[in-house]
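Please go over the structures that come below.
Two complexes come next, and they have one chain in common, subunit A, joined by subunit B in the first and subunit C in the second.
Then we have the complex of A and B:
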């Protein structure tokens, strides 16, 4: 079928409507009383477990969408963005746990501190290109986590040390629901920011940097300022997610806010969904998060992977994720978002064409 | 030093390791002039352009733009002063359409003439028409032919609304008809009040449009003057064709 402009528009409208209905259900379903919903056996979101999953998905939507700003739009493959998540979490965590600030006052400082840190390390780091930047940013990501856990002052750990930080529980009716909405708001904000970036002079400058940094600079793009601003913007959004996470999870330590695998996951989500697009990373985050949980066996809908014992399951899940990355990069280089909106359709010839384009 | 000089180079030097690619170059360009730089391969022509546009830092000397030094400035600041350039090996923004490529130039470029998104795209359309790419405005760069990509490279630089345009071998690799079209393009850009400094190997271009030619050899200015005169200069022939050929040419 030849896709005409009219059918393009029709498909786009269908997907928009379907997306809006899905989003409305996801956002409104939890509003129905949890007990009533459970006794009525309404599936998915009207349930504590699924609410936790949905909040986590929203968190990864923020991280993948934020990564897309520096990695997808600016073209700088940052492998250490988890540092900003952790810094955001520790900023809010320290202010609430140690300085006894109210959470809602401490939260806005999470993105501010994360962005300030990104600007500080970005100035030297963003002079590096390609693999050098990727490796250096990975180093920063690891180092920050270690530093936060190990900095002592007069024999006392400054940031809670190995035992982490415990935050007082945030007192509000329907806490789970509150954090689900807060995290969803952060997700919507990061998507809205991306939408704005892609339509602004700033965004055109960033894409020019991605496509050819030297050409961008002689056309008048202040490449250093733009790259650092892009890095800072990504860090601010990631830090915001971290800040919300710290109060939602109540407990913060190196393991849960500086996990190395988040670095890989957020990049994989953006790649899977489609880098450089507005909705791609979000779509990738939903898909990949569910897949990871499914393979890990934490979802109630699950199945036994044949010939694999329960103990080996996480390892097999890792292998499957690795294979998925390879397949996505080779066959769907523009991400699954490419199939939405009726521009292209998943077909054998599409895969063949992609293979030809991505292989040297 | 005349007061009218728009661009002034004084002892500009750039070294790579022990090699001085540009070695104490002096010249000046008056506003509204159109000047060609010629010279054999490796003479330092592109390096000189990279020095003026701020891509390279100088190892010595000074570059003055309307009386003030621009040596050591970042490329984007030099661009915002009104100095635009093209690259010999074209550097288009691959994921964008031709129109978007040119709009980037219009969105950034000269600081005092910056405009909003709408204005930038309107200017992009004007410039695309000027260089003859209007029909291909919405095509991705990958769909453009080599001559079209060269046009795009010029269009993008023109869209920055420069007062001085540095062109690095925009005619190289074009056939005779395409060169004529490109010549026309350069003439019309110049006619709109832009000072032009162009590097070219095609002598027809130098003779055809330039009022003045500067010959570089081994990083130094070998000769300077009217194109026809310069091209008959013995030292220039020697630099291009070797000492023996020059002697033979003289004795014949």
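Then we have the complex of A and C:
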């Protein structure tokens, strides 16, 4: 192949610039919904609906990027990260709804509690490897949600029980805009943290653990401390997103902050974009979230799937998603970001090669 | 005391279903190194086949179990040969995601065909049982346990006494060496997954007898299969049988805790699993490999 290092670098620069322009547009367009902008006759580029979608995307960017720290960089397939999202959401939710704390004071405690929990369960769990760690972390994710919903004290549910937790509305001008920027700040923070990790001694230790844990330990990496720190860092970021979500959504229950699907979605996003990279999980989150909403028919830009009634549509969307997942896993195991400025370009021979590498 | 004996009996009988769910899952995990997240979907397909045969032909539900096994064997063989074999050399995350995708497709296809209504199978002898004083042994649970033990024995026979079973054991021990001595890996892998799916199908038939099923009812069983296999220990059918019965007992006693014991079913199961993983990773009956 004639694709030289120079041309690859050029492609990488083109995609980075395009991504930066898109991100800048996404961050600035919502400003047109301000009253000042409206009175200055600037056209409305983002209505309430798009703002909600953009905030959700930012939330998934945080989750996928945070998962990447433990799953992509450290190489531990955590399947229960949604527990940290839920713990963050319930921490802020309980402090605001029951203890009447102001939201901005309650928010910083969400990542702290989530990270503390991660360190506590991480100490025993991170001794497990491979499937065992994946399964045990999934178990923690399921069990925490069940405990939070069902713990009673003297017949009263401690955490709001099955009916959930209602938070008082946070009074601020331009609420939607405020939460969009708050969530975006969390997304930027998580990407910046990943960038820092990949350039630090800490990050090199994590990569060494991923490539060969025994060798890393022989080289003097304190593997237990590094793994637990990585797990705690991922939990803190995920918990932060949960804390913001609880006040943004005003209502918190087991279904909306401990959904099992989030576990798989954040992994899929990171995988789709490229694990172990800085921007990959974020790109994957944007792509996959829009795709899921598009297939589900909740975006204003939509299409009719032929021969499918509107009732069956969500089901067919799930089937398409499943098939897509299968195709991605089989044909592009290194993530789509690999084509854009990575070592390879999308071609038939690339697909054939990745198929041959992994099949029996 | 009678209460205690009754709980032990009910726990062991309920364990039968977990044995059936666990053996197939453990086989696929132990031999192919795949944690099969589509296992629950395969279980529920078995349940729907039983339900369909019972409603259409008025067969005794236990007579439909061989049909479940054969149908699911064919489906499992095709899935492994056509799809899962393609990623068998990829890291474990990929097998996780692939089987999750399969689960999504299978469950939603079931939803398209059968809708989300609850379906149940109730034979004439449901609710009746042997009575010894105050202790009752329900017929359905008793036959289910017998069927599960029979299934495990049949699986153990296939694995230890037939040519393909020996090939499967050889693969579990060393894949590359097995290939060197002339074992057709693609076929043997597909047979292994097919056997696992057949066990799932039988488990589904048994589950249709004890609860109303919907297309999404299989997911808890995937999680419980994990716990059962880890409890018993990976690698042997007999270990999974012990794990399944132990899990049934734990669940029966967990639910009898006064207050809200039953809503913590998952938390108890996973708490137990994490405890076993951390203190005795090879399982109750397992050997370190």
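Rule of thumb we're sticking to: the second predicted complex is superposed on the first by the 343 of 360 C-alpha atoms of A that agree within 3 Å, B and C clash if a C-alpha of one lies under 4 Å from a C-alpha of the other, contacts with A are read in each partner's own complex, and residues count from 1 in each chain.
The criterion applied here is as follows: a contact is a pair of C-beta atoms (placed from the backbone, for glycine too) under 8 Å apart; a residue touches a chain by one contact, two chains touch by 3 or more.
Treat the numbers as computed from the prediction; the structure is a model and nothing was measured.
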First (subunit B), second (subunit C), both or neither touched by A:128: second
Contacts of A:355 with subunit B and subunit C, given as first, second, both or neither: second
Subunit B versus subunit C as contact partner of A:146, first or second or both or neither: second
Subunit B versus subunit C as contact partner of A:219, first or second or both or neither: first
Which superposed partner A:138 touches (first subunit B, second subunit C, both, neither): second
Larger contact residue set on subunit A - subunit B or subunit C: C
Which superposed partner A:325 touches (first subunit B, second subunit C, both, neither): second
Complex contacts: residues of subunit A adjacent to subunit B: 199-201, 204-205, 207-208, 210-212, 214-224, 276
In the complex with subunit A, residue positions of subunit B that touch it: 53-55, 74-80, 84-85, 87, 91-96, 100, 103-105, 107-111, 116-117, 120, 156-157, 160
Sites on subunit A touched by subunit C in the complex: 71, 77, 79, 124-125, 127-128, 130-132, 134-136, 138-140, 142-143, 146-147, 149-150, 152, 260, 264, 267-268, 271, 312, 315-316, 318-319, 321-326, 329-330, 333, 355, 357-360
Touching residues (chain side subunit C, partner subunit A) in the complex: 29, 33, 35, 83, 85-90, 92-94, 96-98, 100-105, 107-109, 111-112, 185-186, 189, 219, 223, 226-227, 230, 259-260, 263-264, 266-267, 269-271, 273-274, 277-278, 281
